[in-house]
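In the two complexes that follow, chain A is the common piece, with chain B as its partner first and chain C second.
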Partner chain A sequence: MPRPGFVLEVDRSTPPVLMWHGEGYRLERLPAQRSRVVYAPEPMAPLADPDAAVQRALLSPLGDSSPLPDLLFPGMRLTIAFDDLSLPLPPMRRPDNRQRVIEAVLEMAAAAGVDDVVLIAALGLHRRMTDAELRHALGDRVFDAFAPNGCLLQHDAEDPEGLVEIGRTDHGEDVEVNRRVAESDLLVYVNINLVTMDGGHKSTSTGLMSYKSVRHHHNVRTLQHSRSLMDHTRSELHSSAWRIGRLLNQHVKVFQIETTLNNDAFPSNMAFLQKREWEWGVRDRAAYLASSQALSLLGPSARRNLFHSIKAPHQMTSVQAGEVEAVHAATLATLHRQQVVDVEGQSDVVIFGLPHVGPYNVNSIMNPLLVMCMGLGYWFNMYIGKPLVRPGGVVILSHPTPWAFHPVHHPSYIDFFEEVLATTTDPAEIEKTYEERFATDEWYRHLYRTSYAYHGVHPLYMWYWGAHALEYTGGTIVVGGDRRAVRRMGFKPASTLADALEMAEDQVGRDPSVTYFHCPPVMLANVH
Partner chain B sequence: MKALQVQRSLARFAAARLASGARAGAGARYGPLTMADIEPPSLPGPGWQRIYPRLSGICGSDLATVDGRSSRWFEPIVSFPFVPGHEIVASTEDGHRVVVEPVLGCEARGISPMCPACAQGRRRHCLNLTAGHLSPGLQTGFCETTGGGWSLALVAHSSQLHTVPDALADEAAVLVEPAACAVHAALTPVPSAPSDPASPLAVVIGAGALGLLTIAALRMFRPGLGQLIAVAKHPHQRSLAHQLGATSVVGPGELRRAVRRASGGWVLDNGQLSGGAPLVFDCVGSPVSLADALAVTAPGGALVLAGMPGPARADLTPLWQREISLTGSYTYGPEPLAGGRHSFDLAAQMAGELGLERLLSATYPLERSADAISHAAEAGRRAAVKVAFDMRAEKKPSI
Partner chain C sequence: MFTERLSRHLRAPFPIGAPDWPSAVERPAPRPTLGIDYDTAWARRYPVRLARVAYTELVTRPLVAAVARPHVEGLDRFENVEGPVIFAANHASHLDLPVLTCALPDRWRHNLVAVAAADYFFDTRLKAAYFSFALNAVPMDRSRVNRRSAYQAQQLVEEGWNLMIFPEGGRSHDGWAREHTGGAAWLATRTGRPLVPVHIQGTGRLWPRGARRIYTGRTRVTFGRPLSPGEVPAREMVGLLESAVAQLADEAATDWWSARQRAAKGSTPDITGPRAAAWRRAWALGPSPKDGARRRSPAEERHWPPRP
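Moving on to the complex of A and B:
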């Protein structure tokens, strides 16, 4: 029986705690008597037979939906869309959930005599996946059957021929969707839920829409009014996505398949990364020391390659299919069982150790904007109820924050960082002054459509992602980051955690209460 | 009288070059510049008068000389020993304040008839830099006969003197000569390509004194200009560049992307831009700045070399393939693009209207020449722009 999450009150006997620091980690001591550490629940037991579970889900759908075989018929146009490489994190070992589910769907389609089947990677405004990444997600059989025939597509949010406007929501939101999806008899959406933010109508209204539609829910106003991003019932971003998704459902029959994963994020030789420090055995200590020593001998590029080669032993904990909202409710219930940790009250300071990978730098560089997004966008929002830190409190991030960008994946990020943040860090001002230019720049558009670049507007979205935290907190300190890069974002650099805690006192007063959110593994703080 | 003097000494030039390799400006301690007690220069002929420097700036070309890094091009057109200093605000015998236009053309040299260039007012193109009753020297401050601004007295021809308006402080007046160079660069007539936009984009590389003054001059005297991107290394330079009219200021490594953003187009695989800026000013003059300038100049555009360059290796393929006009800009004269007004008049106007005294960061007495030159050589890092010698507290030398 996996143990639930746990909040450790730090005293003088508490050992140093492991803190992620990009492509590496450190042991840090926290101030006794006024610090606490939030530990994730242990990984849930996986489904004993995931393939059988997938079959059951397809045959026994939730909500107002027929079993999948009943929705399939000869001559129909079937489109199977699937989450892109931003999920899961780290990428999971084969077989990926998407492979298991899509193989099952294809078998049923074949049995029903469906010939016109197209697979679409639901990129939204993310970069295109490489063949290797697609092959990893879908498996060799699916990739080899569809890719050579041109039936494995990647959504293009800038293709005027490939998009169609199907209407507007009652809030005036444009719904412009992938043409193949709009003209299909059935859209099967295959999802991997690692965090509660994803799934539901957000899958289609982000992954298969154009910039014209996505901008309605990815903006400063919705992000500042999402409390939190992980709770769709209190998120303006999700409210908009739900309206758009519901309108899509009126035009296209959507059969949603959502899967959840446990939070078993690291292979056994790195098991210490999942454990509570006082339970480390000799092997764990040796692994920590050996890996730390080895990492210190490697250059940044070699360390990055090493970490990005990690494939997580995540395993499927649930699968549900059918009508979108009913499916998502079941997904959230499972995710909450895996991830929720009850926490009493807020603290003056919250600390996040940021790992090597986030949704937008798989096989890439976690540039300063992604550090900001990861810390203030994702980790800060890993709550239900209220944030771990009080209003006006301080966020401390631990990450090297190099002034480094992947030139192929993040070209518009470089311009955003060099030009926009040199002028302003105010999300509203950025949106007003720069969004249109970045969104419509022909070069970015070309690279997004034909290369492996994120959409031109994507760096602005990264900044918006932290808008709630920027507005809510009194400041951000980055431990061990490139000072120039940290300052460019309007944050304060600190050499050590002790320095950062001392600097935080300027904002929140002497001897502040401190929460260290020991993530990953992924968890969700239910702050009372 | 006290004067700083540059001697012809190969050993000292070599020592300066060696020392300045470790630290810019170090040539002042080991090189050809020495403090000397010399006789004030004699009047070379009619039209000449003695003037007494109040402030005299330190220019990039002075630093190159002191550090032993000047191009050998200058060897036949300077005469040793010379007193440097050509950015001069001075008092005349009767107490008027003047700024010196240092170029030594036919008129100052007593040559008649004047060469065609001087006859047309283009003294900077004078064909007689080594002739007449003066020693060779392209400017005051590089000529043995005239003396220079880093002393208590020098001689100047009446054609070289511009009266300083009463309202203009010495601290602004000492910027008039470099400002005139910047005005001349900014008003360089350049061919326009048919594709040039109505409000063309301009780029100024370098935000030392010349770069900042070029930005100011472009904004003041080229009203049709659109966006102006400046390249600056240091925070105070960024701030001044904005204040003087740059629409955006970027770091040296950020220029190509900034030009792409402003001009549209793409960045090709090797970092090459598909387009660029139609008007680019290199106010640094280094091989790196020249390469950057070539990389961001649009097809059919113009590249103006305003900063004093030296020997440089450069890939001129873009110059050829894009038909870029490469133009040097040296000193000053009547400006056709300003209705024939002289660059010095325009510079004096600019100095008054823009309060250029803010660019004078520090002054030193002649005795502290090594400190002054070190400060000037490290101006960027030390948050300075222009450093000058201040002789106002000195006693007028007896002649």
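Moving on to the complex of A and C:
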């Protein structure tokens, strides 16, 4: 029986706690009597037979949907869309959930005599996946059957021929969707829900739409009014995505398949990364010491390669299929069981240790903008109710924040960081002055469509992602970060955690209360 | 007090030394690691299996040969069967397991795990380690129905291990067999693997329950024709297995043809003995080795039909 998450009040007997620091980690001592540590629940038991569970889900769907075999008929156009490489994190060991589900769907399609089947990676404005990444997500059988025939596509949000406008929502939001999807008799969407933000109508209204549609929910206003991004009932971003998704459902029959994972994120030789420190045995301590020493001898590139080679032993905890909203409700219930930790009250300071990988740097570099997005966008938003830190409080991030960018994956990030952030860090001003330029730049568009680059507007979205935290908190301090890069983003650099806590006192007063969010493994703070 | 302070001073700081336990966190009760909770996975690793082969050949087999001199019959009855299989034998003595282990050909023995009583063989760390190593034993809870040990045994069969199980659930109290429990039949039905009935004769005389010394003598191991679970429900399999072992006992006591004839007529002697007073059950067993019976020749022990 996995133990639930809990909050540890720090006293003098508390050992130093593990804190992620990019491609590395360290042990940090927190101030006694005024600090607390939020620990994640232990990984839930996985499904005993995931393939049988997938079959059951497809044959007994939720909501007002018929079983999948009843929706399939000869001569139909079937499109199967799936989440891209931003999920899950770290990438999971084979077989990936997408492979299991898509193989089951294709078995049924073959039995029903469906010939016209196309698979689409729902990239949204993310970079295209490489063949190796597609093969990892879909498995060899699916990849080898579809890729050589041109039936394995990646969504292109800038293809004038490949997009079609199907209408506007009652809030005036344009709905421009992948043409193949719009012209299909059935869209099967295969999703992996790692956090509660994913899934539901957001899958289709982000992954399969054009910039013209995505901009309606990815903007400063919606993100400042998403309290939080992990609670779709209180998120403007999700409200807009839900309106767009519902309109899409009126035009195309959507059969949504959502899967959840447990939070078993690291292989057994790195088990100490998700253990409570006082339970570290000899093996855990030896693994910590040996890996820390080895990492200190490696250069940044070797460290990055090592960490990105980690394949998580995540396992499927549930699978549900059918009508989008009914399916998503069941998904959220399972995710809440796995991730929610009850926390009493807010604190003056919150500390986040940022790991090596986020949704936008799989097999890539976590550049300063992604550090900001990860800390103030994702980790800050891992709450339901209210944030872990009080209004005007301080966020402390631990990450080396190198002034380094992947030139192929993040070309527009470089210009945004060098040029725009040198001028302003105000999300609203950035949106007003720069968004159109970055979104319509021909060179970025070319790289997005033909290379492996994120869309030109993506770095601005990263900045918007932290807009709620920027508005809500009194300041951000980055421990151990590149000073120039940290200052460029309007944050304060600190050499050590102790220095950062001293500096935070300038903002929140003496002896502030401190919360350390011990994440990963992923969890969701339910702050009362 | 002083030693506590001294040890605190001498202890290396975390993470080289062990961490402090936060006072706000309750210490959990230590997890049981013996009995049914003993982890035997190490004993199935390849280097340990190799060491066990050496131990069996150099220690177990000579000891068994010296004490029990087993005569093995019926190996041909399952030589064409694909493994894994479940061996189910009657149980009268601690000698049964080593005798049966040595009676099996290499092909079966190298992938053999034996189900043993968790409360007896796994109650101390030393015993648990020894029986895991020497006999590749896995613990089974016999005091109550324990789903965990049953599923563990099932998993082992599914992983390709031959399983040796004593369906009587413990050694005989008086020399006669006890009624079978459903464990072996359940496993066979559950895994769909063949069940090989085995009868061991003589070990109960050499080292019966509660005996202070071990006598030497001859034993006989008879393997029966495998029972295939097919569509037979587990409850019926229990009866089939019990009568198969009884027929093997009859065959060991007389000869194959007479045993077959009695089996066909349904008059195979019951291996659980006569339903009578304790002294009559003991009387029906015949003389014990303590009475000098061990010095008799095997020919005298067998009931040959009178010469014409």
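One rule holds in what follows: the second predicted complex is superposed on the first by the 528 of 528 C-alpha atoms of A that agree within 3 Å, B and C clash if a C-alpha of one lies under 4 Å from a C-alpha of the other, contacts with A are read in each partner's own complex, and residues count from 1 in each chain.
Simple rule for what comes next: a contact is a pair of C-beta atoms (placed from the backbone, for glycine too) under 8 Å apart; a residue touches a chain by one contact, two chains touch by 3 or more.
Since the model is a prediction, treat every value here as computed from it, not as a measurement.
> Looking at chain A, which partner touches more of its residues: chain C or chain B?
C
> For A:His446, is the partner it touches chain B (first), chain C (second), both, or none of the two (neither)?
first
> If you stack the two complexes on chain A, which partner ends up touching A:Leu27: first (chain B), second (chain C), both, or neither?
The second partner, chain C, only.
> With the two complexes superposed on chain A, say which partner A:Asp415 touches: chain B (first), chain C (second), both, or neither.
first
> Quick check for you: in the superposed arrangement, does A:Glu176 touch first (chain B), second (chain C), both or neither?
Neither chain B nor chain C is touched by A:Glu176.
> Quick check on the complex: what are the chain A residues that touch chain B?
Of all residues in chain A, those touching chain B are 411, 414-415, 418-419, 422, 437, 441-443, 446.
> Which chain A residues qualify as touching chain C in the complex?
8-11, 13-16, 27, 276-278, 280, 285, 288-289
> Which positions of chain C touch chain A when the two form their complex?
Touching chain A from chain C are residues 14-16, 18-25.
> Considering the complex alone, what residue numbers of chain B touch chain A?
Listed in rising order, the residues are 248, 250-251, 254, 257-258, 260-261, 264-267.
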